[in-house]
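Look at the two complexes coming up: subunit A is in both, with subunit B in one and subunit C in the other.
Up next is the complex of A and B:
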């Protein structure tokens, strides 16, 4: 069984993002594996543990530095790593096309896991475009996953606490949510072992992929400064709890 | 007419608050002024709040051990005051000092015996029994992961450990400062926040008060600098004070990080605070079953001295908060992972970055100054949290004695530790001492 996991090398959520040139951030900051992709990888590794002769293959598209994220994937339990290397910034149309090609070349895919979104671009599109390229069904914001015979049974979180249970034939594309699992992180020996593994690298442009019918171009980029206005809740524990429920209902709108 | 107090304390961290508490108990009307929004919100908040007895000098051990009594009886110390935020809790895990080449543990043991610190000697079997996840090989000398020798297979073993059952840590350092503030207020102390000091006013070399950024002037014949990483800037505001100090302070950037425990090991419930000079780290349990990992400042690690104003205004590449450098994240977590078999290392650095108010010899300055009425409790160097209640009392008594005419520079104030009954030569903490080469020149003090 070939279990693919698409991962992305993204800026650390704790990093301060500075726009350097138009549409480029200063990349002299810490980069990490996209956190939702960690959940995707964890699920893939768990599936491998209960599936005889399964192979977990981590795939990414990005610059040479994205090798770091693939090393992290190998340390977390991936068996193979594939990098489609490019220096160009890609939109989700191009990224999905490139990932699909990488999966076809290594294939065949029995299942594809990825994060529901990347925390840098937050386009929420790549996994669906990838599924379309591969002609596979897809489910996003997945909070539980199981296999029933040859079918995937997933629970997807909808808005305001609603959940939907879907059953899909394999292969399919699964978009992991944060609450899908609690990733176990690698130990030092696993990190060291991963450093010695090969990363299969191909220059993206050498693949000569057909140009997409359209693409998204970045015209300008400005940092969004969140004007945070923290408020301290005062009163008894009961009053504070009531106020939190009120805020979650009225302001955050996550409670009915 | 300016508002008048008997004493103004600049800073409301874990040392500024107990100074107010003790001065108020002695009948002085105090005001703490802090530029942040609440007590303990500065570098106190980022402290690991570790309570251990091992220091490199006998008096250092005595003061730390005296401090245990306050943490162990926290509510009593606070005069059973109520704090609407709740009380910080002493997590009495016990404290392990691994015998290694990274600590002069024989000296520590000698000091323990002299002071009467309760401790046990553990051999390797005992350590393994108490903490099965520790790999007790010797990894010395401390190296960075960039060094190819970092990953050499160790062949020798450590010698054992000194275990101090009364050690541990406070659950929430900022809250502990807040608790002391409430205790001080109950005795009549006042606090103002979001107030930045821009001037120390004096007349004929006698301090007369402070001026705040908004122009407000507040008067007092006593001003105490407890400004943490800003301490040297406050000293520079007081005419002649900075220049006269032989020992200076400056701000050192520091990172602590946390990693999940090995699978199947409940470090939060079963673990101990551990000082591990062999890998240049200390670690203690943290909520979420994490290892909280600090650095013991090994020689191979670079030191980054920064301007605290630029640091806190996020005008340096790495400012205050949870943004760590990948290099230091790897250095500390990889070191700790060599000791703690199976410790998990997340892909994303997780932890806290803040500043030490570091003195030239990593020993604090608890002293008067060249300006009459101007005192300082500074240079905590990352190692004074545990001493805060004792330092509060010592400063209050030192101030009182000086105000009553003692020439502390000539005849240092003898401070009697109330619980241990031992008298400390406070000249040890003088601003005019020569650099103390008995110091560890690290967070260990």
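Up next is the complex of A and C:
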């Protein structure tokens, strides 16, 4: 069984983001594996443990630095790693096309796990596009996953705490949510072993993928500045409560 | 004329509150607005759509009557409606449902999509959204035959622009779908989702345990507010992950965000920096949130929140007595 996991190398959640040139950020910061992809990888590794002869293959598209995220994936339990290397920034349409090609080349896929979204571009769509390329059903925001005789049974989080239970045949694409599992972090021996594994690298441009019809281009990007001037509310607890109510009425107009 | 489709979300037989902002965002010069409904939003809903400037209301049905909710069948129905009416754009709400459906439609049509937009120009095919969890703001251009946008709830204020709308029904024939919807588990708390709430009261480390969230719920009730939490509160197991606001939780844009006992990490700000009014209650005058809010109280939340609840309850019982 080939279990694919698509991962993304993204800026650390705590990193300060500086806009360098038009639409490019200063990448001289710490990068990490996209947090939701860690949940995807953990689920893949758990599935491997209960499946005879399963292989977990981590795939990413990105710059040479994305190797670090693949090393982390290998240390967390992936058996193989594939990098489609490119220096150009890709939109989700191009990313999905590239991931689909990588999966087809290594294939065949029995199941594909990935995070429900990437925390840098926040597109929430690559997994669905990947599924469409591969002609597979997909479920996102998955909080529980199980296999029942060649069929995946997943619970997905909907609005206000509602959940839906979906069932679909394999292969399929699963978009992991944070509460799907608790990723187990790698041990030192696993990290050392991962360093010796090969990362199968292909230059994306060499694949000569057909150009997509649709595209999203960045025209401009600016840092967001916090423009709030804090004002302290003072008084007795009751006075402060009345002051807050006044603000809810007059400034925010959420109270009549 | 540019034909702009708008996916209208309903809940319990009524239009969702944030729909007005979505229609307003979709308006553009020379745009003809098609409101696409997969569920009935009632007469009030149709009147509201007219008040926001919709020209045509399309009731989408299956071959044998209404199309019950199903993620990929609903997406398939929207994709077919776009083709049938030759729409050049589809604008929807960037709610959990909207994100899922718009992404499925975009994948099916291989069309560009931008979710979580704070503004769009449907005529010029541009959208504004934050990237890197709220740390930067980008203007994006979509190119393609059909353009899809999801509007962040509450990011665009509804403005009226009355019109008369035609009403038409469109029946779609859908192929068999590999996904089987086994069941929908309704949550006990039937309130609004955090991402769509007008008012949010959120608790963090200062809550010191799960019990204190009851205080926030008591305060939220008379306000019709939703209760959120910081990552610390979620990681400590006090509340479920779906209540988390922040980088690995939900991004919210309420009119009011009341932060109780939340220090205000960078990751937390990522999830709520586009909120309207930010009010912070914290014992620690050095907490980061004190520097980045509109109003703050340096006090114990266990004193302030119950006092606020008491005053809110007095007001709502007074309002009820007058009715």
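Criterion: the second predicted complex is superposed on the first by the 224 of 256 C-alpha atoms of A that agree within 3 Å, B and C clash if a C-alpha of one lies under 4 Å from a C-alpha of the other, contacts with A are read in each partner's own complex, and residues count from 1 in each chain.
The working rule: contacts are C-beta pairs under 8 Å (C-beta built on N, C-alpha and C of every residue); 3 or more make two chains touch, one makes a residue touch a chain.
Since the structure is predicted, the reported quantities are computational estimates derived from the model, not experimental observations.
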So, does A:248 touch the first partner subunit B, the second partner subunit C, both, or neither? second
Between subunit B (first) and subunit C (second), which, if any, makes contact with A:192: first, second, both or neither? first
Determine, under the contact definition given at the top, whether A:14 touches first (subunit B), second (subunit C), both, or neither. both
Taking the superposition on A as described, I'd like to know which of subunit B and subunit C A:32 touches: first, second, both or neither. first
Considering only touches as defined above, state whether A:184 meets subunit B (first), subunit C (second), both or neither. first
Quick one: classify A:211 as touching subunit B (first), subunit C (second), both or neither. neither
After superposition on the shared chain, which partner residues are touched by A:158: those of subunit B (first), subunit C (second), both, or neither? second
Per the overlay, which chain contacts more subunit A residues, subunit B or subunit C? C
Could you look at A:166 and tell me whether it touches subunit B, subunit C, both or neither (first, second, both, neither)? second
Contact residues of subunit A, present in both the subunit B and the subunit C interface: 13-14, 16, 35, 234
Would you mind writing out the residues of subunit C in touch with subunit A in their complex? 71-72, 95-97, 99-100, 102-104, 106-108, 110-116, 126, 129-146, 177-193, 195-196, 198-199, 223, 240-242, 244, 247-249, 251, 255-256, 258, 265-267, 269-270, 273, 276-280, 290-299, 303-304, 307-308, 310-312, 315, 319
Across the complex, what residues on subunit B touch subunit A? 84, 151, 259-260, 262-263, 314, 317, 319, 321-326, 334, 337-338, 341-349
Within their complex, subunit A touches subunit C through residues 11, 13-14, 16-17, 19, 23, 25, 35-36, 91-93, 96, 119-125, 128-129, 131-132, 137-141, 153, 155, 157-169, 172, 177-179, 212-224, 226, 228-234, 237-238, 240-242, 244-245, 247-248, 251-256
Subunit B-facing residues of subunit A, complex: 12-16, 28, 30, 32-33, 35, 38, 69, 72, 76, 184-188, 191-192, 234
